[in-house]
């Protein structure tokens, strides 16, 4: 049984707490949060203890930490955990600054602790099946990938200001997905974007609508379609065209009820947002991490994956500003 | 916190054990099973105790029993539990013999304990939404209901022999679904059936393929389409036509991946069988039962519902044998 | 080139006129209608002549007649045409009275003219593909067929009064479809029905909602679901379940546009009514009839098929009235 | 009645001949083709005459010409027809060289004859409905458009060599579609492409796979996804995301049959290629052109539209070569 300390008791921390507790080989040992009420609520529910960062890190009973705290604390917590020999599950991103990410990963490597970065979508059964189907040659050689990724509604401008911008905050998931599906590193990136959804986002120096084009050495192409708004809920689709066919992964609908009336037939919306849509993915990534703890697997999303996705986001931003394709 | 004794540690008992343990207001207190290994496995996992029926019933810490044991033990266990003042959650059916059901329910009523019969499909979010949409008048006055219900593969002939026949064993769920959706008791039933799937079923005196027609006092009609076989998995659909439109509840597919190739486009199968398909329904019915324990609700499926569904099964059999419509 | 006389210049006659004119081997030679304006409109458009029944029948240039006149004239016109040696395409039904049908077919046989009965749905590419797939063994042995057939809105009560009742007027298409798909004659029929849509239909002694169950010697079953009303347009679906799988033929939608907005996703309605839905079927049945004229084929829907469908309608009515299964 | 001369009796000419003949206000008057057998076949079928270009142009009975000949003859034929005062329906493109297009359009304007360029997809009922829905504000302000357009298989390399390249030959349709749907001219274009399908295409200096990004002054974005190959047939879809929702136009399938078996559910392929997929569009554009002849409408696709689409193709090629966004 592995004892897990949860750092960060917010919305996503609650999801992880439930998965930790439900897994037969992991226990929620302790909860750490600057807000003691948040920590207490989760600790009580799962009969865990509340700890400070220091207590957790020096607690020999803690085998691994799950970092689900504010983004700007990730790199520091990773380093502390690494120095204390804890295995690490960290929500993306490691940090918004690429140099800081690299320094942090150096520390992790020095201490030889496993580090898993929570690119949850890789563990979505849908996208994973696409990946597996591709590996089995179902569509032949991959030629073009279209990722459509839209959030239901834009974040507040205050968040946007500290988010690192849409590419580092939101598109980073899609960059990772492109890497996951294509199994090949892109050699160039082009980005085009607009501020259409909320003027406050533009005032904060960011965009909310974007198309990104990636080219691969094989000649394959990928595009990412992003929006910070979607009137019909969380839009998470992709399709991969290859020499022998097309694979599409559609939205998961809230239900399979269809109403047929005078005005047409009405079907349900997609699952509303990431907590619902990726519920199974969160459980699956936890299962994977326990397998890492048990020595049965290596982290499928390593710190290097986190670094690479951030690098793509940085280069996309460079393309957006220079209005030209950027070599990678 | 309610302490629950689980009677029956088989496949369906395991599902219930997980839901009991996951619910914030219920605990798996003890497990009872004639096979001690089965009981031990579940008891260990959830840190519950193993008990005999006698121990469970006389244990003052046990607030409620969940009966998931062999069908022919249900009525006896219900009566014992009722006499010991335990609240009762019982898998369908109460008993295969209608007279025995009535006697049993009399005992329950004498002891004024809540009895919930686990017609799981009523708690499926899909079918429940259809029901709610109907209640809100979305399709106007219900006129005709089609329930399609096919199992992936037939049960072994030995099971068929003690099952009470397809109508009492399998169609009983569809009779209850018809009652749930229509909100009205049928006034006549007609049944037609065949033995097409497995000759051993015919040899055991049963059918494996059937159409049933129900008529209601309002003039509305319902039909049930049954088969003990389905090459494409568990087929669980219904559609209700009304004066203002049609509501359909389709199968839940295993995924939303579509492959387009030379031969057409290929989509996933429905969820394989009831454990997968009705996973959410099992959790929801347990939530409902805890609400009953907390005094917040009355059992939505009572013993009377169990009795009524069995009555319809009996009358359908009478129709099948007499080749005529039977008044109810 | 075959010269065709069109008897009946109404809505369905216009469809046939267009198909006759468009076919490379047939010409619309003449039009006959008690209403000279109707006849004139079609005749002018296709540069055909107006004739009386007598002129048409004795015109040696006329190779075949297409009878699309009022139902009660069909049998008489068939007999006259047969006596004049004309090949005959007749809209269903031959007559509403089974004895009259039999007499009429006797005359046709005496004169050895080809008689094709226009069960248009057999020529729908959808249903034909189901049939062909079944013949090729795609679903193994057919076990149960569900035909859902609903008109967009009920006919006027005056029409109902002379229609022979829903079974002979509307369900007759579905009886023929069941015969077409199953390729086997049913051995029993059971019918249940209600008057739910329009009280005037009930006052005229008819029903507007029905379920019919057919049983076959092979043990296979079929059900027909009928309504004279459908808020969402013409509902024409069927599904056939067999030992190796299921084939479904869905509605043809008006378009493939989907709108996703706050309330869900909205798709198009089915093609509105038979003139749109079976447009291709009308063209295909005309192609078939020309092949008959050219000696390349025998009528796929003969007078015997017309008789048999009417026989099933009569027996269904007998079942409805007697509340029991009727042997065939 | 308008007498139409058809210039070009190939595959697409045959489609137009049928539509001309079927329309109540147009007649196929004559057919012109360098291959007399091709011309004769169509002329005979519709009882039209064979003519030379000179005969057609000087024939006072000819009201309009439909130019469906080889691409390199279009501009010359347009000019001759304009000089003879004929109304002109010309298949796209006017010419592959933009300067030649401009000269040609000058001649057309001098002679004030109507010129319609056959961008058939604008008349597809699907895409037209999307356009109309947008105009009615159904999705609010358009924000991002995705056009997916793949041919079933690549053309022979000899054709590629004279085609002007994929952008001018194939993508030109998608550029026009983007203009049609967005109702706004793009201000920049970026193109990325590869030769993945057939090395012979690369050897001919062309690409066969491409992504194109267009930006609009409003900030809206569009992307075009192209391939010269599609294992699953002609892939013609688009989706437009706006502030209030999403509109998608899916492929038209060959049928609505679904087979459910052990391996999943299998549905039909899209209509195979443009002759099938855009059958209705060809009829609709002819109806529009007759309305132009009758003075009831102005050409919805003018020579200027043809010029503009070619301009976009040229600029996309410039972007592809320079690896940067090109201003328009």
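We just call them A, B, C and D in the order they show up, numbering each chain from 1.
The rule is short, and it goes like this: contacts are C-beta pairs under 8 Å (C-beta built on N, C-alpha and C of every residue); 3 or more make two chains touch, one makes a residue touch a chain.
In UniProt terms, the chains line up like this: A, B, C, D = Inositol 2-dehydrogenase.
Predicted, not measured: the structure shown is a model, and the values here were computed from it.
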Out of C-D, A-D or A-C, find the interface that copies A-B, where copy means more than half of the contact pairs are identical.
C-D
Decide which interface, B-D or C-D, involves more C-beta pairs in contact, and give its chain pair.
C-D
What is the distance, in whole Å, between the centres of chain B and chain D, each centre taken as the mean of its C-alpha atoms?
58
Distance between the CA centroids of chain C and chain D (whole Å) is 40
Among all residues of chain A, those touching at least two other chains are 139, 231-232, 244-246, 260-262
With chains as vertices and touches as edges, which is it: line, ring, star, complete or other?
complete
Can you name the residues of chain C that touch chain D in the complex?
22, 24, 45, 125-126, 129-130, 133, 138-139, 244-252, 255-262
Quick one: in the complex, what on chain B touches chain C?
139-141, 143-144, 146, 148, 150, 188, 190, 192-197, 209-211, 213, 215, 219-221, 223, 225, 227, 229-232, 235, 241-246, 323-325
Please give the residue numbers of chain C that touch chain A in the complex, ascending.
231-232, 260-269
